[in-house]
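In the two assemblies presented below, chain A is common to both, partnered first by chain B and then by chain C.
The block that comes next holds the complex of A and B.
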């Protein structure tokens, strides 16, 4: 059941009726049942044991950790123990909690790694066997990759780490926790929700609120517009270019530009649809995008793009790596042997490198995503480590940094860096990436943009005009969103105008959307992770 | 507290850290600055900042950082 299908809309309507017919106390149960149904329909029944196992292990282990801390607090409370004895008790309990945590992490991250990396390993084993014997004896067909495994594993692992670090206490009811893991708006493609936010949202009294429901539907409409009108239309061109034979460099440049807008409208469109759907039930999901193309630096870009993934890696990989004993030892040594700045440089480089390589591997296995991780870790390291030099150069060149032109240049520079990252993964392998770069540099053939060749990739000129208009609208709305809530602005208008805008949105999706009988809307790009 | 302000100022110039609030929430300093900040605080005050303390509220102002340092020193 794809989220852009009629089935999903029917499912949403039925869930809406059942949900609001239930007494407030049991509405979360309606969400749980519909989430399980959605998970089975969007994936398969055979995926269900995986998510039950991961949630079960995490919930049990977090409960044990929580209980250990309660026991520790009981021992420490009111006793006349000295400082050293208290410290020893704390260390003893911390050790026990750590053992439980490690068990949970090995089990759940193990399942994730086996499901994600076995196919890649089998492919390489077959290559080796083929070179030796001439036959490929291993099969990877039996390996299941459960729907949303990266997303629910990350959400639940974040929860147990937070309990271990005493950021909040454990959830006593398994079914409540299971709803957090399998909640249908975020299971397929995120956002990767934090338990202290989504868990609490699902616990509050979910009452009928017509204003919020209309807001939710408006957000869904905007998401459908981004996905069906822009992303799926751009997908026609991008797929035709990247899946076909060699093309002129100028065509690749257009494909790179279209690809950047396609992935943004695809993923942010998805997020708007599910956040809107969730709002209909009174549950707020975390923001995942904050107009990333307005970012002026690469680090800022990653604070605006797939924000919940970036936040997850920052809190659960980058910080633990930064403050680990290993890093502290390296920091001290480099400070002695190099300099204060050298020490700080190493402190930044290693955790950034580890974080980005892992972020790359989260997106996909293989050399392509490893290169993608290295690409971003290099960009971020350069932007941070050489900041003083960049400032000196800017001063030397007498560049006025408070001007619009300078800010625009920085935005375009960041956008180009993003397109560079996409160039590593979109063409389908590093060899093809090199071929694209070669054609851009050596066979640009700019006349292909004007002699009609551009229209031979599935999009004629009216379609390209429609894309240009839609992107302009997207830009205008994004500019407005930077300043205020568009939905609130719309709410302040006369009812005739408000509903005219809503109907215009519905009709533009119906008329211009890429869909219809027999047409399978292109799968959301981030669902594969 | 003066020392904390001094360390923060060495990371980011042009900000009055005596009065600045929400320095993490408002992205005056980012996660990379925090990594350097931790290393400098640990060296200066001889404390160890664990993951339990890695929350925005503990780094959101010079006063909050100082409070955290005092708490760590007591442990």
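The block that comes next holds the complex of A and C.
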């Protein structure tokens, strides 16, 4: 059951009716049942044990950890123990909690790694075996990759780490926790929700609020527009270019540009659909995008793009890595042997590389994603570590940094960096990436943009005009969103204008959307992660 | 509070209504159209427009069937000779279920005395190409038969939603819209006066004999829809006649099968396959293509034969002295035929 299918809309309508017919107290149960149904329909029944196992293990372990802390507090409370004794008790409980935490992490991250990396490992083992014996004895066909495993594993792992770090207390009811893990709007492609936010949202009284429901539907419409009208239309061109033979460099440049907009409209479109769907039920999901193409630096870009993933890595990988004993030792040593700045540099580089290589591997296995991780680590390290030098150069060149042109330049520079990152993964292998770069540099053939070649990749000129118009609209709406809530602005307008906008949105999707026979509606790109 | 709720309900109803109006407007604009002026084959859209423009209950005879019908039967020619008003509804490779749906809708505005059903359709019990089905389906209103068809379709391509609302199938035509699409929405298409027939003087020599025989079995679905047609005709007091337009794409066993059904349902059966000589068909000049459709020369001969048959067996009034509309159309029609004759 794809999010853009009629089946999903029917499912949503039925869930809506059942949900609001249930007494407020039991509405979460309706969400739980419909989420399980959605998970089975969107994936398979065989995926269900994996999510039950992961959430079961995490819930039990978090509960044990929580109980251990309660026991510890009980022991410390009111007793007239000395500081040393108190410290010893704390250490003892911390150790026990850590053991439970490690067990949970090994189990859940283990499942994630086995499902995600086995195929890749088997491919290499087979290559080695083939070189030695001439046959490939291993098969990884039996490996299942459960739907949304990266998303629910990260959500649940974040929860147990927070319990371990005492950011909040454990959830006493398993079914409530399971709903948090399997909640249908976020299970396939995120956002990677935090338990203290989504868990609490799901616990509050979910009452009927027509204004919020209308807002949710409007957000869904905007998401459908981005996905069906823009992303899937761009996908026709991008797939034709990247899946085909060699093309002129100018065509690759257009494909790179289209690819950047495609992935943005695809993923942010998905997020808008699911956030809107969730709002209909009164549950607010976290924001995942904040107009990343307006970012002026790469680190800022990643604070605006897939924000929940970036936030997760920052809180659970980057910060723990930065403040770890290991890093403190390295910092001390490098400060002594190098310089103050050298020490700082090393303490920036290592956590950044660890975080970004892991982020790359989260997106996919293989050399391309490793290269992708290294690419962003390098960019971020350069932008952070050499900031004083960049400032000096700017001063030396007497560039006025408070002008629109400078800000625009920075945005375009960041956008180009993003396109560079996409170039590592989109063409389908590093060899093809090199081929694309070679063609851009050596065989640009700019005339392909004007002699009609451009129209031979599945999009004729009316389609390209439509894309240009849609991207302009996207830009306009994004500018508005930077200043205020578009839905609130719309709400203030007269009914004729309001409805005209809504009907225009509905019929734009229905008419210009890429769906139905003749089109293979592209799967959401981020669903594969 | 109650006033607020009433207001919200009223708003909701208005919203749905406006949505419906816009939806059907765009559906009409975007759906594929088979218009006479730009069609190289059957112009089903024009055929239905012309049919609906006819005066109610003004038809004497209705001819139903496959492409053989609209190539082989020329109602205007029959009218010219006998004053009997007729109309032909055919579709390429039309299955019995779609033929039934054609009849069901056609009888909403007309109650002809006779319905001729070309039994070529008993050959087909497989899903036809999607476009061929849409040619018929898109012209028909939402009926229980259409719903039944939509939800029973075996085609991978045809989804129920596409059958019921061609909007979803044809939404991507927005970049191909032409003058006729807008004219169709405004009900401003040039009127046709060919009564569902297709005029062509293309010619191809053919061999006239049965195909090498096969074991033919009448399928339950075909039988069911033939029975439904019989029931419908009986209810309206219409004489149903089974006939087979003479084409060599026909098997002896199928001919026998058709005869059996006719006997079972007590319907007259005209097997014209054996009457080629009597009709006067020339295998060298009267056929159009390798599928053995008749051309205009053949159609005129067959229509003359059918006209004679009708006159011989049924007492239908000669409308030529009084039917102004048909007489005017006949003049225009003759000019059109004249234009099509190869010089």
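Operating definition for what follows: the second predicted complex is superposed on the first by the 525 of 529 C-alpha atoms of A that agree within 3 Å, B and C clash if a C-alpha of one lies under 4 Å from a C-alpha of the other, contacts with A are read in each partner's own complex, and residues count from 1 in each chain.
Just so we're on the same page, a contact is a pair of C-beta atoms (placed from the backbone, for glycine too) under 8 Å apart; a residue touches a chain by one contact, two chains touch by 3 or more.
Small disclaimer: the values here were computed from a predicted structure and weren't measured.
A.B. asks: Put chain B and chain C onto chain A via the superposition and say whether they clash or fit.
C.D. replies: Aligned on chain A, chain B and chain C fit with no clash.
A.B. asks: Students often get this wrong, so check: with C-alpha centres, what angle lies at chain A between chain B and chain C, to the nearest 10 degrees?
C.D. replies: Spelled out: centre of chain A as vertex, angle of 160 degrees.
A.B. asks: Does chain B (first) or chain C (second) touch A:441, or do both, or does neither?
C.D. replies: Neither chain B nor chain C is touched by A:441.
A.B. asks: Just checking: does A:462 make contact with chain B only, chain C only, both, or neither of them? Give me first, second, both or neither.
C.D. replies: A:462 contacts chain C only, not chain B.
A.B. asks: Figure out whether A:210 sits in contact with chain B (first) or chain C (second), or with both, or with neither.
C.D. replies: In the superposition, A:210 contacts chain C only.
A.B. asks: With the two complexes superposed on chain A, say which partner A:510 touches: chain B (first), chain C (second), both, or neither.
C.D. replies: Only chain C; A:510 stays clear of chain B.
A.B. asks: Would you give the minimum C-alpha distance from chain B to chain C, in Å, for the three-chain superposition?
C.D. replies: 40
A.B. asks: Which residues would you name on chain A as touching chain B in one complex and chain C in the other?
C.D. replies: No residue sits in both footprints.
A.B. asks: For chain B, which residues count as touching chain A in their complex?
C.D. replies: 27, 30-32, 34-36, 38-39, 42, 49-52, 54-55, 75
A.B. asks: Could you pull out which chain C residues touch chain A in their complex?
C.D. replies: Result: residues 8, 15, 18-19, 22-23, 26, 30, 130, 157, 159, 161-162, 167-169, 171-172, 174-175 of chain C touch chain A.
A.B. asks: Which residues of chain A touch chain C in the complex?
C.D. replies: 6, 210, 460, 462-463, 499, 503, 506-507, 510-519
A.B. asks: Quick one: which bits of chain A touch chain B in the complex? Just the residue numbers, please.
C.D. replies: 87, 165-167, 299, 303, 314-315, 318-320, 322-323, 328, 331, 343-344, 347-348, 351-352, 380, 384
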